[in-house]
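Going by the order they are written in, the chains are A, B, C and D; count residues from 1 in each one.
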Amino acid sequence: SVLFGQVRLLFFAKSREIVGRKEAELEVVRLTTPRDVLQTLLQEYPGLGEISDNIVLSLNEEYLEIDDQQIVLEAGDELAIIPPISGG
Amino acid sequence: SVLFGQVRLLFFAKSREIVGRKEAELEVVRLTTPRDVLQTLLQEYPGLGEISDNIVLSLNEEYLEIDDQQIVLEAGDELAIIPPISGG
Amino acid sequence: MSGDCSSQPQEEGKGRRMGTDYVDVTEDRLSVEDITERATSPTSGAIGLFVGTTRNNFEGKTVLRLEYEAYMPMAKKKMLETCELVRDKWNVENIVMVHRIGVVPVGEASIVIAVSSPHRKEALEAVHFAIDHVKATVPVWKKEIYGDESSSWKQNKECTWSGSGHP
Amino acid sequence: MSGDCSSQPQEEGKGRRMGTDYVDVTEDRLSVEDITERATSPTSGAIGLFVGTTRNNFEGKTVLRLEYEAYMPMAKKKMLETCELVRDKWNVENIVMVHRIGVVPVGEASIVIAVSSPHRKEALEAVHFAIDHVKATVPVWKKEIYGDESSSWKQNKECTWSGSGHP
């Protein structure tokens, strides 16, 4: 579980307002789980705790299941914080 | 069953083409049935025989049921010959 | 031969919302934009629409153009009756239905129906019912003119007095 | 922030007709006319449409305006996936879906979906499925700004990770 590099973070809607920016970088490990990524995010951005029960993550434009056992991150991957959607 | 006056006939679509006109007058009796009216029409306009199985009549903008037992016609009533519809 | 016909705004009560029925039969080209605009309500977020367009072929034959005719006052009356039936079944706000008559070039709209509702399910189901009911009851006729200048009066399959097996 | 994204025409076979998927996310006002035109096919006589418009009130509060934002590339990707699912279920020709973002004034359209098919039942059912699926999967967010300048990020009830009991 060695830090290997940075992924690109994207914040939208309420998460963007809480964090106060649209984009950031995050140091991550290569083999991880969505739940661990979320924990890392919450350590980095404690304000997100307020909405953490109602966000999902996407990796390279695909939703992650929070209970997935393992995901593999590559440097430069695009990780987005997705609050409840309200399009249409 | 005495002739009492004239109703206004309207022809549409194929019935209009067969008869060669959009409107006409028809001598009718006051107490009658849709089936008798159709018979009178067919005597007056034999060309309509070709489509008589597939027309309905309307009286003052309401469809008539061909099996209705009795209708009452008034002078000036508007009787239309309605071939199968194809709007939409 | 054009004209329009609007009913009074629906009263509240009997499960009905405020709203307007607007029906028209016209020789003009139909504007989906205008009809949508007319159906739009600031209190209803969903609009369902059906647009019927003329096709360029029928059973392999090229269709050059279509000609529609209507029994104008009865057509509008039956369209308004369709609106009433829609309101009996669904909670909708505005109902707009416009049928074009005369020559309708291939690819252009012959009918547009738009229904607004607070709920998209109701708006879309109401539109579906409305076009089905219009096809079965509104006295309008369509003639297809083919490439060899032959022609045919069409028959909606929804029309109960159509000849079976006919087009 | 505008752009469009069209898939290749669908191949015949697997029960699919020829047809095109077109999705877009744009800051421009939506033209129902243009979107209908794009969905129109000379071989499909039926077009079903859904238009979502912004409402002027929410639970008694006056809504001044709405602001939409999108995760642009993922939104288009999910819209194209919705098109694919529609084609798995219904025999449709062209599918067009355009979502507006940025400030959308009250009464204007935030989304328009249009589907053409030879059969109106399929066109209308496909549109219904499409808007339901878009509401559940496409990463777009709406913020309502109220008369007192307070605001609220909305949550679609179709969104599985919404807080229950939230608006």
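Keep in mind that, in the parts below, contacts are C-beta pairs under 8 Å (C-beta built on N, C-alpha and C of every residue); 3 or more make two chains touch, one makes a residue touch a chain.
These are the chains along with the protein names UniProt gives them: C, D = Molybdopterin synthase catalytic subunit.
Quantities reported herein were computed from a predicted structural model and do not represent experimental measurements.
Participant: Using mean CA coordinates as chain centres, what's the subunit B-subunit D distance in Å?
Facilitator: Centre separation, subunit B to subunit D: 49 Å.
Participant: Rounded to a whole Å, what is the gap between the Cα centroids of subunit B and subunit C?
Facilitator: 26
Participant: When the centre of a chain is set as the mean of its C-alpha atoms, what distance in Å lies between subunit A and subunit B?
Facilitator: Computed value for the inter-centroid distance: 74 Å.
Participant: Indicate the residues of subunit D shared as contacts by at least two other chains.
Facilitator: 52, 131
Participant: Based on which chains touch which, is the overall arrangement a line, ring, star, complete graph, or other?
Facilitator: Graph shape, chains as nodes and touching pairs as edges: a line.
Participant: According to the definition already given, which pairs of chains are in contact?
Facilitator: Applying the touch rule to all chain pairs gives A-D, B-C, C-D.
Participant: Under the definition above, what is the set of subunit B residues touching subunit C in their complex?
Facilitator: 10, 12-14, 16, 53-56, 58, 61, 80, 82-88
Participant: Given the complex with subunit C, which residues does subunit D contribute to the contact?
Facilitator: 31-33, 36, 40-57, 106-107, 109, 116, 120-121, 123-124, 127-128, 131
Participant: Of all residues in subunit C, which touch subunit B in the complex?
Facilitator: Listed in rising order, the residues are 52, 68-71, 73-75, 77, 99, 110-111, 131, 134-143, 153-156, 159, 161-163, 166.
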